[in-house]
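The same chain A turns up in both complexes below, where it pairs with chain B and then with chain C.
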Partner chain A sequence: MESSRRRFLKLAGISAVGLGTAPALNAFAASGGHDAAQPYVKKGARALRAKQWAMVIDTRRFHSAKDLEPMIEACNKSHNIPTKITNTDHEIKWIWEAEFHHAFPTKASKFLSEEIEHKSFLVLCNHCENPSCVRACPTKATFKRESDGIVLMDFHRCIGCRFCMAACPFGARSFNFRDPRDFIPEDDKNLEFPTRMKGVVEKCNFCAERLAVGKEPACVEASDGAIIFGDLYDPHSHVREVLKENYTIRRKQQLGTEPSVYYIV
Partner chain B sequence: MSDKKIIIAGLAIFFVLITFPFWINMGKAANAPELILAPTAQAAMDSGEGCVLPLDEMRANHMQILDLWRHSVVRNAERIYVGADGKEYNMSLSNTCLDCHSNKADFCDRCHNYASVTPYCWDCHIDNPKGE
Partner chain C sequence: MLELAFKGGKTYWGWIVALLAIIGAAFGVYLWQLKFGLGITGLSRDVSWGFYIANFTYLVGVAAGGVMVVLPYYLHDYKAYGKVTILGEFLAIASIVMCLSFVIVDLGQPTRIFNTLLYPSPNSILFFDIVVLQGYLFLNIIIGWNVLEAERNNDHYQFWVKPLIYLSIPWAISIHTVTAFLYCGLPGRGFWMTAILAPRFLSSAFAAGPSLLILLCLFIRHFTKFDPGREQIQSLAKTVAYAICINVFFFLCEVFVAFYSNIPEHMDHIKYLFVGLHGHSLMVPWMWTSMILMVVGIILVVNPVTRKNENILVIACIVIIFGTWIDKALGMIAGGFVPNPLHQVNEYWPTGPEAMISLGVYAVGALVLTVLYKIAVSVKEEIRG
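And then the complex of A and B:
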């Protein structure tokens, strides 16, 4: 054994290469060929799909605040909204009514037609294509969902900092100052949908839970055809057909958030 | 070495104090909780159908599974879980898990209390989805 050190180094080198490749080879072996018995996840068979969900609200069909009630009520019921909160500073709203000069402040001219000036408009989260709330959220609790463009919230991650509320130009977000469970009307509970807890922000979710089982949003269903819902990027969708034929406006469009809720006035 | 007695006495007191939690609780260990399966869950167990994953895995990893389910449902809009046997489940704590395990107090809570964990699932998720 004249060159014992040289031999030792050689052997050590070969062993190191051998040890190093074993995990890599195992990884290759594992990634190839799908094991049929592995559990996996998928979308429901009836789930509605879109690139960007959008809504057109035909305000010509609504004449008073009373006409908007069915939609608001349908939403409140299906999402366990705590409507019994009387303090307006603490109230929770997913969809509500607003006057023209509040809903469309930049479009309200000095002398509006009397009908428009006193009419109630249905407002909700615009599910912007370029949402400012998502940029403000420090925990990624609120995010723009890649699969369908819904601006959604993961309540588990919300720390209640309310940056998103400050960032949203539409006031579409509400903060739970109180435990909402105490303020949900007993008859209006939807036991299939969770409530929220004290200390989280919430807002309209475009009924993601209904879209997943092939149903349109609750407000659309309750609107008797006055709200049209569909894929903004499918040129043959109902929404696009309506947008082609009608002049529509959006809320605070000049801010560049690209709202996905359009209004026929 | 004139302080020998004081030092030994001091050490003895120290030893007694430091081991206080052990000997005060000696022989008082709570028994492992006995879980009661709700009728639907028991039926699935008896028929060999079981839960979404084998019993051992569910016992050890149900919290990670729920976390993955949440991520999949909320972030990826993928709500259906297909088990190893090809059976499909709606990934919902209230509407699927608690549909079988409808006795939260005798099932979830018993272990959670024993292990002294207080998951805040139920602050939002409804614990008796059928309103019984």
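And then the complex of A and C:
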């Protein structure tokens, strides 16, 4: 039983993460005139599309660490995060909470408003437009998907060199220091998403597997409208409308990685 | 020539067996690491590289340091080094073998290492590092072996070896430059983000590599009939003297830039290393020890009286090797990763199993070096005999 489940998860991993959003692989379709037949991944009919997915987090809507829990839990549950690991050195975190001066170390004024100083902020992979993690990866196991700008990982290719962890200026990446499968809470297991093995790196994938079937990311869904998700390069997208109307900040934008996660404070 | 490695006395074989025993024990621990994962090390989400990569970095330096005998001999026709170039080249081979082993034991999925070649990614410095290290390994094997064999047959080495020798000189510089680029091109790591990192690595390499060579030369003179020569050792010591001074000078340049500019991202890492940060000060005694050792080393090798006394020179070399090791291996990694990108302090210290595996890798290097030096020394003894 266990092994058939594993096999299924593996399959799901290949289609959702290895190849891209949609599971349909059409190996015979020729893409126009002179091109030879090139295998390509066909988008699912319901798949959401964008040039560069982006997120705006309206932090005014969250007041305490407790308010952030639903989003973190939603992510943990949909991605088989081994939350039972108690050794903080070995933690796997895709989305978590940090205080202002940790989330925005270069922006923390000496005297912050009391509310901001003690509030918790959601932090996750920024799906940078110039991702330094992608530059560093020696196997292209971490790559920026051209079709929609998501920085994805191929868990089956990663050699676990952890160069990407050194290269990410946001601490967004986690390494599986041991087999994570024993540490996934029984009720949280999601059979539609692959579990990982020891020795590979992982991080938030902007819920590529959900976008592929027309759903918004799990954390966005759980945020009750406080997190807005959309195409950064569609001037009419919800994200762009919110960005037009609100002053937003990004984490460490002076480093030039161009984070795609914006914060309204 | 390989047969020469099999003719040895009791001590020689005893040493080989001891090394094999260490390698065997360490391999056992490595199998455990393979089974359990890198969780048996002291590494963490915040300090994701540690002892393995630190030693890797240091040994790339030792390998590059070998060029300090090759360069004067072939480019400046400094004849005295003719006797010892082979020792520099063979030291480089053993060091690179250790470097590559350290990279492998550091991988989470070592069986997939060939993915780096299956999916070559020229945008990744690690890709280039693997390429230049392997290139340097082969260059030294070809050059060392050919030159030694020719010497044994009382012949001139083949003509095509010469261009390879010339190539090996800039190549030595390149291996350490590329290794520095692993670190210094990463956004958001203030400690490493300095254009002087590669020169710093090289200066420390040219102090540590020749120091080790001096120790090996003295050892060979003491225990075999081959004498690498007093003049050679003294010349090497002068190289060490310049290099260690430059190394400390470069470090002081870093300190000036970080503290005069007063930019926290650059200062905090140095503060963590030397005075501690937010109450965390694991590295502090080590870094000061390193500084003291390097300064003592400078005094001993710069002063001609102490440098010319070979007994004191031994102490100077040991002091410099340890001083630069702490600085470049321990400090470079801990300093770069602490504080983490979210400005939290999470310290790192290697665990027992991690140290044991590292010891095993050093034993592999010692084994390679022993065999190679045995061959080289036997050839030299034959010629003189």
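Rule of thumb we're sticking to: the second predicted complex is superposed on the first by the 224 of 265 C-alpha atoms of A that agree within 3 Å, B and C clash if a C-alpha of one lies under 4 Å from a C-alpha of the other, contacts with A are read in each partner's own complex, and residues count from 1 in each chain.
The criterion applied here is as follows: contacts are C-beta pairs under 8 Å (C-beta built on N, C-alpha and C of every residue); 3 or more make two chains touch, one makes a residue touch a chain.
On a predicted model such as this, the values are computed, not experimentally measured, just so you know.
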item: Combined model on chain A: chain C and chain B, fit or clash; value: fit
item: Touching partner for A:Phe62 - first (chain B), second (chain C), both, neither; value: neither
item: Partner chain(s) touched by A:Cys168 [first = chain B, second = chain C, both, neither]; value: second
item: First (chain B), second (chain C), both or neither touched by A:Arg145; value: first
item: Which of chain B and chain C A:Arg178 touches, first, second, both or neither; value: second
item: Which of chain B and chain C A:Ala212 touches, first, second, both or neither; value: first
item: First (chain B), second (chain C), both or neither touched by A:Ser132; value: second
item: Contacts of A:Ala103 with chain B and chain C, given as first, second, both or neither; value: second
item: Larger contact residue set on chain A - chain B or chain C; value: C
item: Overlay on chain A, chain C to chain B nearest C-alpha distance, Å; value: 12
item: Footprint overlap on chain A, where chain B in one structure and chain C in the other make contact; value: 197
item: Complex contacts: residues of chain B adjacent to chain A; value: 52-53, 70, 72, 74-84, 90-91, 94-95, 120, 123-126, 128-131
item: Contact footprint of chain C on chain A as seen in their complex; value: 87-91, 93, 98, 101-103, 105-106, 123, 132, 134-141, 157-163, 165-171, 174-179, 197-201, 252, 255-257
item: Contact set on chain A toward chain B in their complex; value: 37-44, 47, 143, 145, 147-148, 152, 154-156, 189, 191-192, 194-197, 208, 212
item: For the chain C and chain A complex, residues of the former touching the latter; value: 36-39, 42-46, 48-49, 103, 106-110, 112-113, 115-116, 118-119, 121, 123-127, 130, 182-183, 186-189, 265, 336-337, 340-344, 346
